[in-house]
């Protein structure tokens, strides 16, 4: 019995499949940024960027770069026809006010109660990189997480009964996409809704600290 | 005749005192680089700097921090490998981390006369430790206070003599909210327009928030 | 393809339920008159109406109130000699008076996810009786909560199929903040533009706040 | 000894004299509305109107009326070159955030501690007309009041030790312009800084419930 984990682009593509036309979506830095590459332009999904961009489009050709137009990762982007610019407070009014159909963030850990840890690996970490994650986490209608199932270094599971890292927000994650599976966060805990081909329930549970539930 | 244009950068920055709280917009772009250079030359020290991030190893924020004249940085994130990260790690600079949306909202609150507000952002996190919280409609919220500046350094694309401004694309970012949040709002503008040159329905930052404007034509960038 | 345009006013207003909180902008202009007529025809009752004022003896607000289907009016003032004034005096309608700036800010708070805020407006007045207050920086403040709508009826000058809007001159008034404060935001627009027809830096109300748009060309007004 | 009270336009003109170029000013309904007529257009004073107008100008010629452009009294106006439009929340951010150099409001009464009463004549008045007065009163850098010195009906003084009408805001009025005098509100109470020709201190005090002070 063998399985093939998704690579980062594969996780992004898997997420993209689940985003219907018409959704208004914010993509965090890391794996989530790649999601938009897998949404065909004729499926109209509107991407929001924290720095006041509504309707973020693909990267420009090198000779078409507009230095005044970047995304939340400060990468040069284009604006889709129909997009708009707002200032930072209005941009976060959008994020915090429940107007995003979806936000996809990376994470260090997610707990079975939907707690998200994605900004610091220790309470006393000397440097703090919060950015807009706490705002997005509490504000979006749906928060999905994209991350590897297992921590690269220690091999520990990122799907936890309780997060060991400092929280970004409590009880906010609705779904997790990993290189091995897709899991909904439900009142009873993680419920597996998809696995990569070749993966088995027993093996997935073995690689997961939290208890898994099955549909 | 109202004319907020001043002759040069030193005139624009005159009077910024030691201990000032400085609001500095920018997010990949939209930072008033010439005004930051001017502030470094002007020499004010013991500053509190409010910005989205602590910057990198070069660039306006890093250059200002590298002078050692910023006592405290208030921002949403600091890169470990940056001037700011090293200053903080070495205990040479205070740091207050504020979630990005709360940062923008606290600036707006200062400009709008809101005395405090409750937000779920940051509740149940380390940032909430020792802070006042309240459960509203079942959601745990943090009490946040306005963040006002003594001076805001603003980047504009176009300006007229009443101080009406436009900003380019995503270079708008923090500029409008920081402009409204400071006692003294100083603008560097790429272009000077006659009064009325900005259509009244398309002004991004109204002149009522602006006190001084200096023309910094700079290199024309395409587009 | 995202297309928020609907065929007609009944389609635009479909599903507005009895008991709904209805946000209605306008201040001398900027009221979506055709949508109000449509709401009267649609028949929803037991409504809560949020508007700047209670209107006069004629006009959209008065016409809606005259149906007797508004249980409660939330606004900044009511003229004694108006439909609203008489309904209230006769005990046939509840009335909540909110200072105009607080009204705008409570709407914005609902749209922006702010759970509550403190403002000096209305403190030390009759409107503060029985309310929670707090002294912040020496100023007595009232605690105010967001004001969210089930539906907002919005007036626009131009709209595209993503729901991006512009508003004419002072007809902008409450339109952008009410658009962001409702679960269902319905727009009547004078003009329909192709996607991208509104320059992205000059959108007054972004389409993310808009759910349905109906074209109401009406009589062309000059200018 | 005879004096001539100012008429309403006279009060407005007297106020206009004291507004320097460059101020950003909101004028309330009633006597204050007339102030702008007495500020020459070449003295650039920028008028704010609550409904999102920055740079309100004079009434248009009848054939130049723009139905989309009114002031806070819903009268047709023009926009001065250099003006701008904002939405209602931004307009009140301006008013409440301390950006108005001056607001001039009408009033029923002002107390010697600067309390303002201008929205209701009795606590149980059945109809409430608050509008934007409470916001303007707490937010402007300077609040001036324009009103007749004496109530027309009862002949009572509108300058009170304590307001008898419901308050609009507490301790906010900085100066009062009446048909008889101009008075600053100081920590010791009303200080007379100007009187109409022929008025005497004794007569002015006789017409004023609050104790007057003199520079």
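Read from first to last, the chains carry the letters A, B, C and D; within each, the first residue is number 1.
FYI, a residue touches a chain if its C-beta (ideal position, glycine included) is under 8 Å from a C-beta of that chain, and two chains touch if they have at least 3 such contacts.
Because the structure is predicted, anything quoted here is derived from the model rather than measured.
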Neighbouring chains shared between chain B and chain C, ordered by label: A, D
Cα-centroid distance, chain A relative to chain D, in whole angstrom: 54
CA centroid of chain A to CA centroid of chain C, Å: 34
Length of the line joining the C-alpha centres of chain C and chain D, rounded to whole Å: 29
Multi-chain contact residues (two or more partners), chain B: 105, 108, 112-114, 119-120, 168-169, 172, 200-201, 204
Shared interface positions of chain D, touching two or more other chains: 79, 85-86, 89, 92, 95-96, 138-139
Topology of the chain contact graph, where touching chains are joined (line, ring, star, complete, other): other
Set of all touching chain pairs, with the criterion as stated earlier: A-B, A-C, B-C, B-D, C-D
Touch list for chain B against partner chain C, complex: 105, 109, 112-120, 134, 136-137, 139, 141, 145, 166-169, 172, 200-202, 204
Touch list for chain B against partner chain D, complex: 1-2, 108, 110-114, 160-162, 164, 180, 195-196, 198, 200-201, 203, 206-209
Of all residues in chain D, those that touch chain C in their complex: 49-53, 66-72, 74, 79, 85-89, 91-92, 95-96, 120, 123, 126-136, 138-139, 166-170
Chain B - residues contacting chain A, complex: 27-30, 52-53, 76-80, 85, 88-89, 95, 97-102, 104-105, 107-108, 119-127, 140, 168-177, 204, 221, 223
Complex contacts: residues of chain A adjacent to chain C: 21-22, 24, 42, 44, 46, 48, 54-55, 79, 81-86, 89, 92-99, 138-139
